[in-house]
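Shared chain: chain A. Partners: chain B in the first complex, chain C in the second.
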Partner chain A sequence: MISFLKKHTIAYVFMLPAVVFLILLLLVPIINVFIKSFYESNLLIVGDDLFIGLQNFINVMQDPLFWTNVKNSIVYTFGSVGGEYVVGLGTAILLNQNIKGRAFFRGAMIIPWVVPIVVAGMTWRWMLNPDYGIINVLLMNIGILDQSINWLGSETTAMFSVIWVNVWRSFPFYTISFLAVLQTINKNELEAAEIDGANMFQKFWNITFPKLKGISIILIVLHLIWTFNNFDFIWILTEGGPLNATETLAIATYKEAFMKYHYGTASAISVLMVVILIGMMALYFWLQNKQEAKGDN
Partner chain B sequence: MHLSRKTKKRLLSTVTYFFLLIASIYSLFPIFWAFLTAIKPADEVRSPTPTLFTANPTLENFRSVLFETQFPRYFLNSVIVSVGSVLLSIFIGVLAAYALSRLSKSPGVKTLGVGMLLAQMVPVVLLMIPLYRIMMNLGLLDSYTGLIISYTVFAVPIITWMLKGFFDTIPIEIEESAMLDGCNKFYLIVRIMLPLSVPAIVSAGIYALVHAWSEFVLTFTFVSDDSMRTLSTGVFNFMGLWIVDWGRLMAAAILIIIPIAIVFTFIQKYLVSGLTAGSTKG
Partner chain C sequence: MKKYLLLLLIIFISVGCSSNDSSSSESNGSSDNGDGTTLEVWWNVDQGEDRSGYYDAIEKYQELNQEVNINVQVLPYEQLKQKLTTSSANGNPPDIAQGLAEWMADLNSMGTLHHLTDFVNEWDEKDSVPQAVWDSVTMNEEIVAFPSYIGTRARMYHEDIINEADVALPETWEDLLTVGKELKEAGIENPFGISATSARAPQELAVYMWSNNLEIAEEISDGAYQNTWQEDESQLERATEVFQFYKDMLEQGIISQNQTSWGYQELDQNFAQGRVAITQNGPWIQGYEEEQPEGMEDVRVDGVPPYNETPATFLEVAQWYVFEDSDQKEAALEFLKWMGSKEGQSIYAKGNRTIRNDMDSEGEWNVAFTEIAEHGRSWPAVPMGGIIDAMTESIQKVLLGDTTPEETAIWLSDQINQSLEENNLLSE
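Our next item is the complex of A and B:
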């Protein structure tokens, strides 16, 4: 026992601060949320919470707004991640070419990622403004639009606009990650393929793309989770409006807890978020495996 | 496909530069436009036919934000909370990463590693309510300590994984020879691992700093006292107050970006290498 302690003391001393932090401020709160989802609990009322079984979940799921939230979360998540992936991959391929001024272009493309979300949100709100916003002015001058659009204020365009801004802020992370992998690809291999008569797209599809698979999985999984859970973009741009058109589950949780003070219901919504998230991940990896199995045949 | 190889190459590079230009405009225009708006006099900002450059540039908007609002106070708060949380996260992260990288034979270390990976998946909104209650019970709402602690919780896992990835690349022989010379573990970390890891620690620190500087939801939830707001939440509040005063809002936006821009130009290299270390090995 003493020798065990002596051998491992250092490891435990080093881990202690991290473990204390994670247990007290992550694990305990998570457990708390799961427990509270079965209670009638109000942030303003101090006193014993009432155990009500599955009632919170039933209430939430019977509310049509919840299903709108689910739909919005899914559209927002997949729209954002899809857009980020395409823009990120495209810019990474561009930056990987033999170009002059790579440092400048690379710097330019990381900028959105270091801009605080509030600044990104404010700037885009100004640019998308229906009265004096530059986007409307430009589009009308070119002749694409006849009259200005209230991008963030109309039900039909709000979600698209929010996704657009999110893609702008988030794509650089993909660019940098893809670029790092692209730079490890052996040029000889590409040249050999070229000599064998492969065109640009064949080279990309057969040599480059398979090498990006690992990083793609990491990026997609992480960003699916982060986007699904994201609160600040939408809150800063629309607060979930107009008429709940951009209200995702994360926004709904916040409103339920901090505007209506229904801790129990809010906990139930966040538990359902975790369930949906796990479902999404399971589906993703199932599709991934299926595709790989098909590839092996 | 009758083009000669040279023409084809030239065509390809023209197309590349064209798209690079478009992508750069896409990335930079919003900030550029914010700046151009901020230096316009009020009547030109709200014009249905805006011009790109104003003939009468003014610093009035900047003056107003800096001297007539709590902006300097928000700035100070942001600096205190960001720097505090980055230092604390790095301290916790270095120790944990060392354990994950070098002492993973001790039972429980690997569990911690997996726990840290899973922690990435926890929705912040899910934690906001219980964290709010914890902070309320500890009397830490509207306090620097409360904000620093809660920022740190979300920064530690990613910092630990970035640093672990780097520690893994330091040859273990260096340590072994130091051990033979009679160094103890703490001495080893301070005198050998840390100096070798400066680039990794800097880039992990920058990553955490960018996040802390941008952090919104935790401060938005835990702070109700205006004098405790950070830049993100303070300026967000301006949006409600100055609903149509876009010149002033854009001046505030530019003022937030300036410190990051300065830091960024100096350490772009670190940031890039740190990000890639984290994402390709993690």
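Our next item is the complex of A and C:
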């Protein structure tokens, strides 16, 4: 043990600043949120917080709006991740072909990812504007629409529009990741399959797609977490409206904490978000393992 | 070698983590070193040309008070409010901040504001500021903020559109519905303009409520409030009328369907472009004259927004806050005193939106807004976060949802009382 410590002391000392910052900036706030969720904590009432056990959780779950928020969060998360996956994979396959101007397209494709979220959000808000937004003008000019649609202001189209914008923003991350893996695939393998009579779809399904499995798991898990917790795009585009049609749990947490100053309730919603995310991850890995076991048999 | 590396690392960490007098005082927001006083001021005033007076005033104050240095931090309103809340809660606020009227009760309830009653009573120019303005910064008989500038909302219209359609300007809701219909028939897409989202929506709704003799929250006893619409049939009827007015405007085409998602940006932009004939708006719209000279050419301002029973308008009193945790309160108060003086106001407010009643308003716009100040009303002295959110949702409920005006009025009344209860302010 002593020789182990002697051998690794310098490594631990070098790691120490990072560990300290990690504890201070991540662990302490997270623990604080968990503790606060058991207290009645209202910034507008001067005095000590009152321990109320699970009451915050009961209040939150008894509010019908919470379940609307859960539904919206799930629709937004799965809609976004699904859309990003399909668009990202499609563009990666296209950009992996020998096409003219490939370098240019690869560079241009990254633009949505590098544009700051606030700028992208404001720009899309104007583009989707029903009075003079370019999207409505284009759709009407080419005859798809008879009259403009209030994309962000209607309960039926708001969620779709927010997902659309989020897909536009995030798909380049998928494209780059998929492209990196696609470039490692041995061309001989594909040629051999072609000689054996495999068509394009069979080559993709049996050779290319299995090789994307590892990166897919990473991308899906990461984006499920990021999208479920995403706040900025929705806030900039709709602020959770109209009539709570795009109000996710992240938006509800913000409203409770920074508009109503109910830190206890906001913390309870945050803890429930963590629980839901853990549940989603567990389900994903369980399905994954089940499929692998099936494949092995 | 390892020992040296370790030693070097320890030195780096010690130096890196140690505090430095000058930097720590800067990050703390204020300092009172031997060379003078540095006041940390947070506000949302950017250095745009139309707002140059704010910076000129600070420069002048520093010139007059060589020992004072004013350090300004500019933040958008939403971020400013968040930063003020978190920094105040952690005992590290700036010395002074400029904020919106709806923040006052929140910050005061947190116990972070330095009360200014004694300071204002001792100020020999106190009477140069109208009592209505002092009332708007008073909570539980304590002055908790210092007025920074005032702004009202007036009826605003495109004269050419009104003349071409040959209609009279609407004074009341009934007039507006009649005139709106005529304008619609004359081919005007948006006879009237509203905000149904953003911070402007609840402000407009409040004006309609006040103009129909309704209170958002009534002080029942000392420091205890209640929304009383459901206690009194006639009040509920009047609240229902307000929401019916919104519904009628939509159903009769006085406001377009697109307006159900308009915030202040959309309203201002559409009005400045001449796509909205009449609206209620503030003096900032004058800033569009450069951007949209053609659209703004025929814009006229006069009178209060269309009302039902009593003429009313929104009196926006932007406020200066001095924080209890600031260790330079004296210097901060001296600065505010000068900003409120005739000299300070003449540079800062440049003759418009001034808090003083002994200065002449300049230009047609400022005269129009000053004339209606007597009808100005402001938010009740209760935390508004939850109430404002519910007010915005109530507009959407009646315009987009299938809720009736009466159901919406009852729902909003419940939400207001729930917010009061959550903040221990609901009258038993």
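In this text, the second predicted complex is superposed on the first by the 288 of 297 C-alpha atoms of A that agree within 3 Å, B and C clash if a C-alpha of one lies under 4 Å from a C-alpha of the other, contacts with A are read in each partner's own complex, and residues count from 1 in each chain.
The rule we apply is simple: a contact is a pair of C-beta atoms (placed from the backbone, for glycine too) under 8 Å apart; a residue touches a chain by one contact, two chains touch by 3 or more.
Worth saying up front: this structure is predicted, and the values here are computed from it rather than measured.
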Clash or fit, chain B versus chain C on superposed chain A: clash
Chain B versus chain C as contact partner of A:Met61, first or second or both or neither: neither
First (chain B), second (chain C), both or neither touched by A:Asn229: first
Which of chain B and chain C A:Lys260 touches, first, second, both or neither: second
Which of chain B and chain C A:Pro17 touches, first, second, both or neither: both
Larger contact residue set on chain A - chain B or chain C: B
Contacts of A:Lys7 with chain B and chain C, given as first, second, both or neither: first
Which superposed partner A:Ala198 touches (first chain B, second chain C, both, neither): neither
Touching partner for A:Met127 - first (chain B), second (chain C), both, neither: first
Touched partner set for A:Val75, first chain B, second chain C, both or neither: neither
Intersection of the chain A residues that touch chain B with those that touch chain C: 10, 13-14, 17, 43, 129, 131, 258
Complex interface listing, chain A residues touching chain B: 7-8, 10-15, 17-19, 21-22, 25-26, 28-30, 32-33, 36, 43, 87, 90-91, 94-95, 97-99, 103, 105-120, 122-127, 129, 131-132, 134, 137, 168, 172-173, 176-177, 179-181, 215, 218-219, 222, 225, 228-229, 231-232, 235-236, 250, 253-254, 257-258, 263, 266-267, 270, 273-274, 277
Chain A partner contacts - residues on chain C that touch it in the complex: 2, 5-6, 9-10, 13, 81-82, 85, 89, 106, 109-111, 197, 257-258, 260-261, 266, 270, 275, 383, 385-386, 388-389, 392-393, 396-397, 400-401, 419, 422-424
Touch list for chain B against partner chain A, complex: 13, 16-17, 19-20, 23-24, 26-28, 30-31, 33-34, 37, 45-50, 91-93, 95-96, 98-99, 103, 106-109, 112, 115-116, 119-134, 149-150, 152-153, 156-157, 160, 185, 210, 213-214, 216-217, 220-221, 231-233, 235-236, 239, 246, 249-250, 252-253, 256-257, 260, 264, 268, 271-272, 275-276, 279-280, 282
Touch list for chain A against partner chain C, complex: 9-10, 13-14, 16-17, 42-46, 129-131, 148, 150, 152-155, 239, 241-244, 255, 258-262
